[in-house]
Structure formats: structure tokens, C-alpha cells
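Heads up, the next two complexes both have chain A, just with different partners, chain B and then chain C.
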Partner chain A sequence: MSSTPLLEIKDLHLEFKTFDGVAKVLAGVNLTMQRGDVLALVGETGCGKSMTALAVPRLIPMPPGKITRGQVLFEGQDLLKKSPEEMQRFRAKHLGMIFQDPTTNLNPLFTIREQLIDAVLYQQHDANKVPSKRNFSSRARTMRKQANERAIELMNLVGIQDGEKRLSDYPHQFSGGMRQRVLIAMALAGEPDLLIADEPTTALDVTIQAQILGLIRDLVKKLNLSVLLITHNLGVVAKTCEKVAVMYAGRVVEESSVKDLFKNPKHPYTQGLINAVPTRHTPRRGLEGIPGLIPNLTQPPEGCRFHPRCPKVMDTCQQIPEARRLSAEHKVYCHLYEDAL
Partner chain B sequence: MTPLLEVKGLKKYFPQRSGLFNQKTSYFKAVDDVSFTVPKGKTLGLVGESGSGKTTIGKCAIRLLEPTEGKILFDGEDISHLPRKVMQQRRSDIQMIYQSPAASLNSRMTIGQIIAEPLWIHQKMGGYQAQQRVLELLNVVGLKEEHYHRFPHEFSGGQQQRVGIARALAVNPKLIILDEPTSALDVSVQAQVLNLLQQLQDDFDLTYVFISHDLGVVRYLCDEVALLYLGKIVEIASVKTIFEAPKHPYTQALISAIPEPDPEDKKEQILLKGDATSARPRQGCPFAGRCHAPKIAACETKEPPLIATDAGHYVACHLHTTHSHPSGEHHA
Partner chain C sequence: MKLGSYFLRRLLLLIPLLFGLSLLTFTVSRILPGDPVGLAAGPQATEEIKESLRKEFGLDKPLPVQYLSYIGNLFRGEWGQSLYSRREVASDLKVYFPATLELTLAAILFAGIFGTLLGVVSALNRNKLPDHLARVVVLFFVSFPAFWLAMMFQLVFGLALDWFPIGKRLNILMTPPQTITGLYLLDSILTWNWKAFRMAAWHLFIPALVLSFGALASITRITRANMLEALDKDFVRMERALGMPDRVVIFKYVLRNAFIATLTIIALEFGWLMAGAVLVETIFDWPGLGLYIVESSLRLDFQPIMGITIIYGIVFSLVNIFTDMAYGLLDPRIRYG
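This part shows the complex of A and B:
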């Protein structure tokens, strides 16, 4: 590929100091996203999918966290080398983020207008140039007025009816799905290049989940967004994304187009994961779980971290598997396969 | 054959208090006139979104909540008005498994004590006998004997749920009410727990009431499904009928909204507007505000009754009752 990818994570290692020792939460994550990609990051609890996502805007608390190796490249520039001030400016301009629980991410004491206007101001201007709330100079008032207009525009963009009127409401007057829409509006305030969505629909009912996923798909088309969607739900992946990376115990084990992954899963973990979801084709009593438990990350297994649970384990699994390219879009980190390209 | 559990006209209203003397000003109808039966050895799925009353029904069936109105027949006996003491004895036949395994296990008790507690209470069993029974139960649910002296925090979510299952099984119940037993678990662990539940149903001839919002899991585990919307059953039928020929517009929308893990799946998705509570009209069908089907006059004036359209298939929708079956039999 000739152009620089939008986001490239190279050999990222992250450790957390805990009472039980050092947990190696990420152990060499590699991930590439092109502009316009909708990439899903899938995995189970504790596989490091949220940590990978948080490493991009550098929101991991350090200490106890520590990035020991690796690079996070955004259009070629290494985010890990930026100063905190540069990083803040960068986040405001290029990144938007939404989280799992829409309730805890809104302040119950302020109206949506105040919170949304703040989001707009801090994403469009440098933090030190945003006027304080008690500043009534004409410049400050114009800025707030423009931000208010942008807020109304954003409310309409995320499909909240009566957006202008509802700006005066407090978060408790919104339902869960509506709150998530407000948070999407906040994330989009600065016209970001990349939207990171960490389990955006996990706390929502299925009918509301369908609405929010539909909204994200629409926004991708309308705004030319790139989305990194973190989820544990394979159904959401199949419905929303084009590309997918499967993670297990701190490493990406398979990267592929969504179509290919579901039709032709290669890594034994991916196969197990797909078989564990009951679908309409699953016969009664035909569900297969993955035996065993996820490893303790303070003492992770040597080599391929899946090998103690793997049905096809071999001697070579004691070594860390390299990426095998099966096709232009399909990469798998498993000793069972050979490079096809 | 009498069904193991029969619920007739169950209502649970929660009073809303406000004003000067904290008077009861109105009632929140969490469950409103719900009837269903569960035959022995079968699994009934109670499905609905948050706020549909599925958990309240489960709690009323075991009388952890007192029903406002209605009858609960267990094995032919009306248990809805039994005195507390008698009811407590009956509970050895009806057990419950909860959603959050971590919150439902006492963190200061060992696994052995947790599983033995129902034995102490219901069967006055103690000492060596109880210990042997607990070890046996640990084995049944796929845990090891060395787990006996450990505490809940030492286990993963899936293992904790196994402890919850072992505790429910301790007193040899006939009916187990499962309240979202796998929603807190990862898919690979969920598959293990679902398989365990099926295995136990075969081995011990158990009857399940399975409360869930996950239609994929319900399709896999249940024999019959009741769909709830704002405290009422809107459709009840066998699992096959519900998923292949749903009649109620809400059921159709809900099934279309399940994201199937299959990118080739091109089924038409019905997007519902709004959410259940805010779109509820003052009168008429509670679903009318979000309904995508063509409306008829009755939708806005009259609440549709739950009426049989085919054998074992009950629907509460004017579109299916007024036209095709004017003299349909009322589900009792």
C-alpha cells in the first residue's frame, strides 16, 4: 500500500503493576487502519481490546500502566512521543471517543447544552483560549453563540428530534439510547478523523442497539469517518464493520475482512469463538464452548498465549507465532499456517 | 397432565408515592395480567427488553415479591397465598439463579458454605453428610473438590455461575428460575454454562423458566417463548414458531434486530423508533407508538387481548385477531 495508513500500532507492549506482580496486558499488538475503514476489535474480557483502544488517545493511567515497547503511528507521527499539551491538541482535533455506559459519561448536574457547548469549544479551540463561563466580553459571547449553533447542528446530525429544545434538558430526561446519541454528538464536535467506540451498545436493548449501529453506519458514510469499534459481540461485528481484528490475551491473533473471517476463520481461537455463539443454524445441544480459562496475565503462557487451550497444539507453539499472510487482507498469527503471499 | 408451573392473571403494581404525606398517587404496572404454563421437563423463555417485567415475573413466581393479584399454581397447588413458613418449605422445589454471579454469592463465605447453606436450611443436613453432598455437587457442575475451601473472589465469572448453579441444585428442586444467567459472561464461557444447563436438565429432569434478553440464547435453550412488552405478554408460542413465523410486529422487529454473526445474512432489519417507556400511548395498544405495521382504528382505542391464532400460538395484536379470527378463544 502506497499511502500512509491512518492508524498503525506496531509491536505495542503494555504492562500494569499489580499486587500479584506485573501483568503483561498487551504483548506485541499490531494493527493497521486505512482512512475510511470501519475496524472491529473483538475479544473476550481481559484480552486487551479496550487497552489497545485507550492507548491511541493515551488515556491509560500511567502509573500503574507502562508502555514498554512499541509505536502508535497516526498518519505517520508517533503519538507516544508527543508532550501532554501536544497530545491534548491532537485529541481535540483528530479523535473522538464514545464509551460503554452513556449514563456515567454525562454530568447529571449540567444540561446537555452546557456539556455539548464545552465539547464544541474545547475541540475547536485550544484549551487556553476557551473563555471562562463568567467571561461576558463580546468575543466570548460570539464564541459561545457559534458553539450553540454547532451544538444544534450536532443534535440533528445524531438524530435527536427537537434537538434545539432538548438541549435544555438534563441527562436524566434522556433514555439510554438518546444519551448515547448525545455522547456521539460530543465525540463528533471537532470533526474527528477517527472515532473510537468502546462497546457503544453493550448497555442498550437490542432494538436500541440496532438504532445506534444504524446511526454509526450513516455517520461513516456522511462524514467520511474511520471507526475503531471495540466489541465482544460477533453479531455487531458482522452487521457494522468491514474489517476485524480478533484479540486474545494481549495479542491480535487474526486480522481479516469480516466476510472472510466468518466464512473462513483460521486461528483455532477465532474458530472456537464463532462456534460458541448460538445462531439459528446451531442444532440443539450442538454448542461448543472453548475449554479452559483465559490465562493469568501476570504469568502468561510461553509462546502462543492460546496454546494451553488450543485443540491443535503442537511443539512449535512454545514460540511466539509470526504473522502469516494468507491473502492481501487476511493475516493470522498461528504456527498451523504458511505464508501464501 | 397438570403443568408444573401455571401462572394465571399475574399482576404486580408498584405504588408511586409523592406529595405531602407520601401518599400513593399512582401505580406502576410492572406486570399486568400475565398468564402462562410451563410443562414438566420443558423450558419456557421469558424475553423482553429492560423494563418489560421479566424479572418481576420470575420473582413473583417464587414469591420473593408478593403479587398484587393472580394465582401461581405449582404442581397443581396454589402457592400465591401460602403463609411465609409454608412457602419457605416449598422453595426447596423452586430455586433461582441470578444474573450477576459475583453479587449473588456471599463474599465472606467459602464455596463449601455457600453450597451447603440451602442444605442446612431446607434439609437440616449438617456435618459430614452435607460436606459429602457439596463435593458431589461440585463434581456435577464441573468444579473440583479443592475449590471447597476457596472464596468467591478466587473464581472467574463462569466458575462463580457454576457455584450459583450448584447451590440451586443442592435441594433437588423441580423448577429453576434462571434470571439472565449468562448475560454477564463471555461467549465461550456462556457456551459452557448453557451446555451444563442442558446436561442438568436431562440428568435431573428439571423444568426451567429462562429469563433473558438475548434471543440467540433463547432460541438455543428454550422450548417455548413468551415475549413481554411493558408488562404484558404480546406473543407466546413454541420456539420454532416464534423464530420462523412471528406474528406480532414487536416480535418481528425484535427478531430482525438480533445481529446475526453472519455478514452474508441479508435479512431486512426493522428499525423501531423511540424506546418502550417514552413511546407508550395513553390508551390502546401499548406498542402502537412504535409499531411499523399498518395501523387500524382499534390500535389507538382498545388494548388487544391475548388470543389464540393457531394451536399453542397466542398473539396480542388487533391485526391478527380482528380480521382472521373474530371468535378466537381467550387465553386463560
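This part shows the complex of A and C:
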């Protein structure tokens, strides 16, 4: 495992200026992904998982946001050091993103063809080489024709029947699930190295969720994708991913393989989270929650941010816990454990 | 085509609208206190003279009959006569209306283009120097009364700098381009008369600029607000995430979302400009409808008043129809029902 990871987030600190003061939204996020990984980032609402995901393509509005410390390394290069133009080129070439709500993420005033062809053109070519729509040179026409063919191919890839015909439709003529398929097609247009999916099924109803997850699974296999999947749904994690990182209040608290995490959760927060999921093996037990509330991020607790709610709290919890390696794949940020390696 | 049939239907609906408008104006202009005949005939006129005038203009007949005969004449292309100057209203309108229309169109075009641009620049530089600058400049011009600005522009650009003429549509020594539409710019293009085009544009520039300031301000503010709203939409983040350059995201995808509101305000402002052109026309000696309206109204000269009202009604209705059609072209979700 000495090769450079595909994505490595190191000690990422992000603050937001709010009316109540400075919210320390991310306070030292560490995360590593190898090429080919399908990694889930889970946590409650407000724990910073979406912000971590948005920090990679640098789509966090700044101001009010501000990255105060840390690195986002993509194959060893720090994305935070790139200029806006380099970043735009980087997003086009290496990243694909899917967002939560397929209704608001497509532009309502343009046909799917227009949007998908632009996605193809700007991901496959440098922005200044994409011809304007009024350019009718043979090169421009060929480019548009190729992009159109690629668009049809992508529609088929994401399982939209009649893809060629449906390209002429507008977003409002598609159902929610179909729109999410279109958005996946757009994200994949340039064959990205990394697909970041920010709660891609949260806004869909359950049967459609299953279809979209199935599609993502198929695409991962077919295209050998690396995926960072943001979700708060542990069922989605179990069905889709191999690895998982659990976040709490702006930090990753546990990283492990999915199997290990469900069988053997180490961090008290993870244990609470998994206990809170009803299973068919414990039918009559009432649902168990984690007592307390997520902390106010303008005044976060010192040390381990979970300690005020932790059933196993100790004096050392006032200090920020280091990563403890329990096995090659299992890391936990908790004072209860010692390095096993 | 759907759009074509929609247009025809709206045109047909225009007919009852204009009937209503004419009935209303007719009634109001007749029940207003005051004696138009007395005003026209002058203070020394005898009862007989007034009586004969009344007879000539059909004022001795009952009101419904007067209205019906007016409408009947209208269909024969007779818009009546001015009680005062005895000139045909139709021929007066033919002279004055195109001048006002050209001035208003130029002003709204100017306000529309620069207002949209300033709005976009302001939104993209929200609360930074260009935004504040645009706000201050726009407020500066809209805060001064139009007549004062008009005179200042005349003084500075006309008299002191001598860059622009201080009034009129053309040099008095110049023959206007052959009349096709009555809009000098359009006519000179249609007849390939470039000299007239240059002159007409030169004369038009300052009056149109002064007239446009009010509209420019509202268009800028509305565009700014709607750009900010559109920039905040999820699809903007998505388009950026796909790696599209900002110029494509902003000018292709965001602007169209913001422009629907801008279009509404442009249509509204057009009406205001046309009605408000009178001050600018008076100062720049622009032979438009403005003065004609004021004089006719003061003299209760009902035939011109009717004619002007109907023309305005037609123009506003057409602007509205075109705006509604443009909505549909901009936003596919809008259907013509």
C-alpha cells in the first residue's frame, strides 16, 4: 500500500462565519481513498459530511466559508493550492458529482440535450477549445456530433430507454428518478477518476432509491469507478460500499471496512449509531437513541467532540484523540483503544 | 404552430379590449366638466357660432349615438378632427406617434441592454466596489428630475462640448428619409440612406439616454436581485462541479433564469417611458406625441384624446402580448393555455 492514494484529506479545518459567531464546521478531517475504493462517509445531519465532499471540488462558498488548515491531496497534488481556472479544469477532467435533489440540480430552462452535451464538451475538451453554438466550421460540427453521440451513449449507460428521443425533453418532463439518472450521466460524461455522490438517493422514494443504488453499483463494476458516497443511511452503506468512514461534529471518528464496522463497531458513537437502527433480529426492543444533542459548532466541546454524550467518557477525553490503528483497515479516533499495529 | 395560434388568439382578444377602452375614454371625456366648444371657439364667440360648431361635430346628438358614429368612422379609417386646429387626428398621429415610438424604443433598448449588464456585473461583484459603483451611478441619475438632467445634458453635451445637437429629430436643412414606418432609423436603413441614419442616430442619442435613466435603474436592480437568486440555485453548483467555465455557467445558464423577471420590468417600463416622454420631448423639441397629448387634454379636445388613447392601448397590448410570448420562449414550463 505504498502507492499514492487517489484522495487524501489531511487535517482539514473549515470555518463558517455565522451570525452567532464562527462555526468550526470541520475540525481536522482525515480521510484516505485508494483508486477503486467505494467509500461511504456517514454521519448525522450537520456533522460536516457534505462539507467534506464539497471541499474536494472546492465548491464551498468562500466567504462565508474559510479553510483554515489542512490539505486535500488528489494523487499527491494539493487541490487547495490550485488557481480557480486550474480547479475548473480539474473538476472537468477528474471529478464527477451527484447531488441530493435531482429536481433542483438540473437547469429547468434547457433541454437535457443542451445540458448533457455541454457536460460532455466541457469535460472532454479544454474550455477554450469548445466551439460556440454559432460556430459552424467542420471541426465545431464534428465536435458537437461526437458529443451528441456520447450523450446518447450515456443515456443508455444510465438505463434511460429511448435515450435519443428523450434528449429533446426538458427536466420537468422527467420523473425524479429519471432526473437523477440524467445527473449521473452528466457526472460520468468525462469518465471521472472520482465520483462524489452527496446523498444521491435521499430525495427519492424508496423503490427509486433502490434502482438508483443498483445503477451506481453496476456503474462501479462496469467503469471501475472510485466513489465517495455521502449518506446518513446505514442501509445504503451496507448495500453499496466496501469501506466506510463515520463522522461526528466535524471529525472522522472511525474508518473501517463496512463488514467490520457493522460487526464490530469500536467508537462509542458508531456503536450508538448502529444500535439505533432497528433490525429484524431484535424485533421487540424499542428504538435506542444516543442521548443528548449534536453540539453547537460555534462552541464545540473541547477534545473529543463526542465526550459530553459518550457513555464511556474518561478524563483523557478532554484531549483530541489520535488515530488508533486496530487493523490494516480499521482506524478509530478514541482514547479507549490502543494501537494494535 | 402553438405560438402562432396563441398570438392570433391574443390579437382577437384585443378587439373587445379596445372597444372597452374607447367606451371608457369616450364617456370620461364627455362627462368631464368644461365646455370644449367654448374653449375652441374662444371667449368672444356668439351662441350661434358655438351651436354650429356643436352641430358640425355632432355634439347635439345623444351620447350613445355619438359613440356609435365615432366607432363607425374609426372603422372607415376616420379618426375625427381636432376641434381646435381642425386637423385630421389620423394625420397628426401619423406624424407624432412614430417620433415618440422611436424615442421610447431607443430608450428602452438602451435601458434594457445596459440595465441587464449592470445588473449582472453588480450581482457577480455583490457588495464589492463595482456593485456599489453601479448602485451609486444608477441612483444618481434616477434621483434627479428628468427635465433637469435633460437640460444639463443639453448644456454640457450640446452647448459646451458641442458633441450632440440640442434638439429635433434631424437637422432642419435635411430631408427626412422616405417614410415607410415613420421611424427615421428604420426608414433610413430600409432605404439605404446612411447619411440620414447617422444624423437621426446622432439626434436621438441624448434624448433617448435621458429618457432611459429611470428604467435603467429599475432594470439594473431587478436583474441584480434575480441574478443573485439564480446564482444561488443548486444547478449552478452542479454546472460548476461538472467543470463548466464560469462564463458559460453565468451567461448561458444563469442569466436566462434571471432574465424572465428583467423582461417583465422592461415591458412595464416601456409603458411608463412612453407616457413619460413628454418632458424630454418638450425640452429637446422632439416632435412627438407628448406635447400633442398635453395640449389636447388641456383643451378637452376629445377627438385627439380618443385617438391617442386607442393608439396607446394598442401599443401596450402588443407589448404585453410579445412579453407573454417571450416568457414561453425563455421558459419551456410556461404553456400557452
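Here is the rule we go by: the second predicted complex is superposed on the first by the 339 of 341 C-alpha atoms of A that agree within 3 Å, B and C clash if a C-alpha of one lies under 4 Å from a C-alpha of the other, contacts with A are read in each partner's own complex, and residues count from 1 in each chain.
Here is the rule we go by: a contact is a pair of C-beta atoms (placed from the backbone, for glycine too) under 8 Å apart; a residue touches a chain by one contact, two chains touch by 3 or more.
Keep in mind the model is a prediction, meaning the values are calculated, not measured.
Novice: Judging by the criteria at the top, classify the pair chain B and chain C on chain A as clash or fit.
Specialist: Fit: chain B and chain C sit side by side once superposed on chain A.
Novice: Go through the superposed model and pick first if A:Arg280 touches only chain B, second if only chain C, both, or neither.
Specialist: In the superposition, A:Arg280 touches chain B alone.
Novice: Considering only the touch criterion stated at the top, classify A:Asn30 as touching first (chain B), second (chain C), both, or neither.
Specialist: neither
Novice: After superposing on chain A, what angle in degrees do the C-alpha centres of chain B and chain C form at the C-alpha centre of chain A, to the nearest 10?
Specialist: An angle of 80 degrees, rounded.
Novice: Quick one: is A:Gly289 in contact with chain B, with chain C, with both, or with neither? Answer first, second, both or neither.
Specialist: Only chain B; A:Gly289 stays clear of chain C.
Novice: Between chain B and chain C, which one contacts more residues of chain A in the superposed model?
Specialist: B
Novice: Can A:Thr202 be said to touch chain B (first), chain C (second), both, or neither?
Specialist: neither
Novice: Using the touch definition from the top, say if A:Gly214 reaches chain B (first), chain C (second), both or neither.
Specialist: first
Novice: Which holds for A:Gln271: it touches chain B only (first), chain C only (second), both, or neither?
Specialist: Neither partner.
Novice: Which holds for A:Asn156: it touches chain B only (first), chain C only (second), both, or neither?
Specialist: In the superposed model, A:Asn156 contacts neither chain B nor chain C.
Novice: Minimum Cα separation, chain B versus chain C, post-superposition (Å)?
Specialist: Here the least C-alpha separation of chain B and chain C stands at 8 Å.
Novice: Spell out the part of chain A that touches chain C in their complex, as residue ranges.
Specialist: It is residues 57, 59, 88-93, 95-97, 99, 101, 104-111, 118-119, 122-123, 127, 170, 172, 183, 186-187, 189-190 of chain A that touch chain C.
Novice: For the complex, which residues does chain A have touching chain B?
Specialist: Contact set of chain A toward chain B: 44-45, 175-178, 205-211, 213-214, 232-240, 258-259, 262-263, 272-280, 282, 284-285, 287-291, 293-294.
Novice: In the complex of these two chains, what residues of chain C are touching chain A?
Specialist: On the chain C side, the touching residues are 233-235, 237-246, 248, 252-253, 256-257, 330-333.
Novice: Under the stated contact criterion, what part of chain B meets chain A in this complex?
Specialist: 49-50, 156-159, 186-192, 194-195, 198, 213, 215-217, 219-220, 243, 253-254, 257-265, 269, 271-272, 275, 277-278
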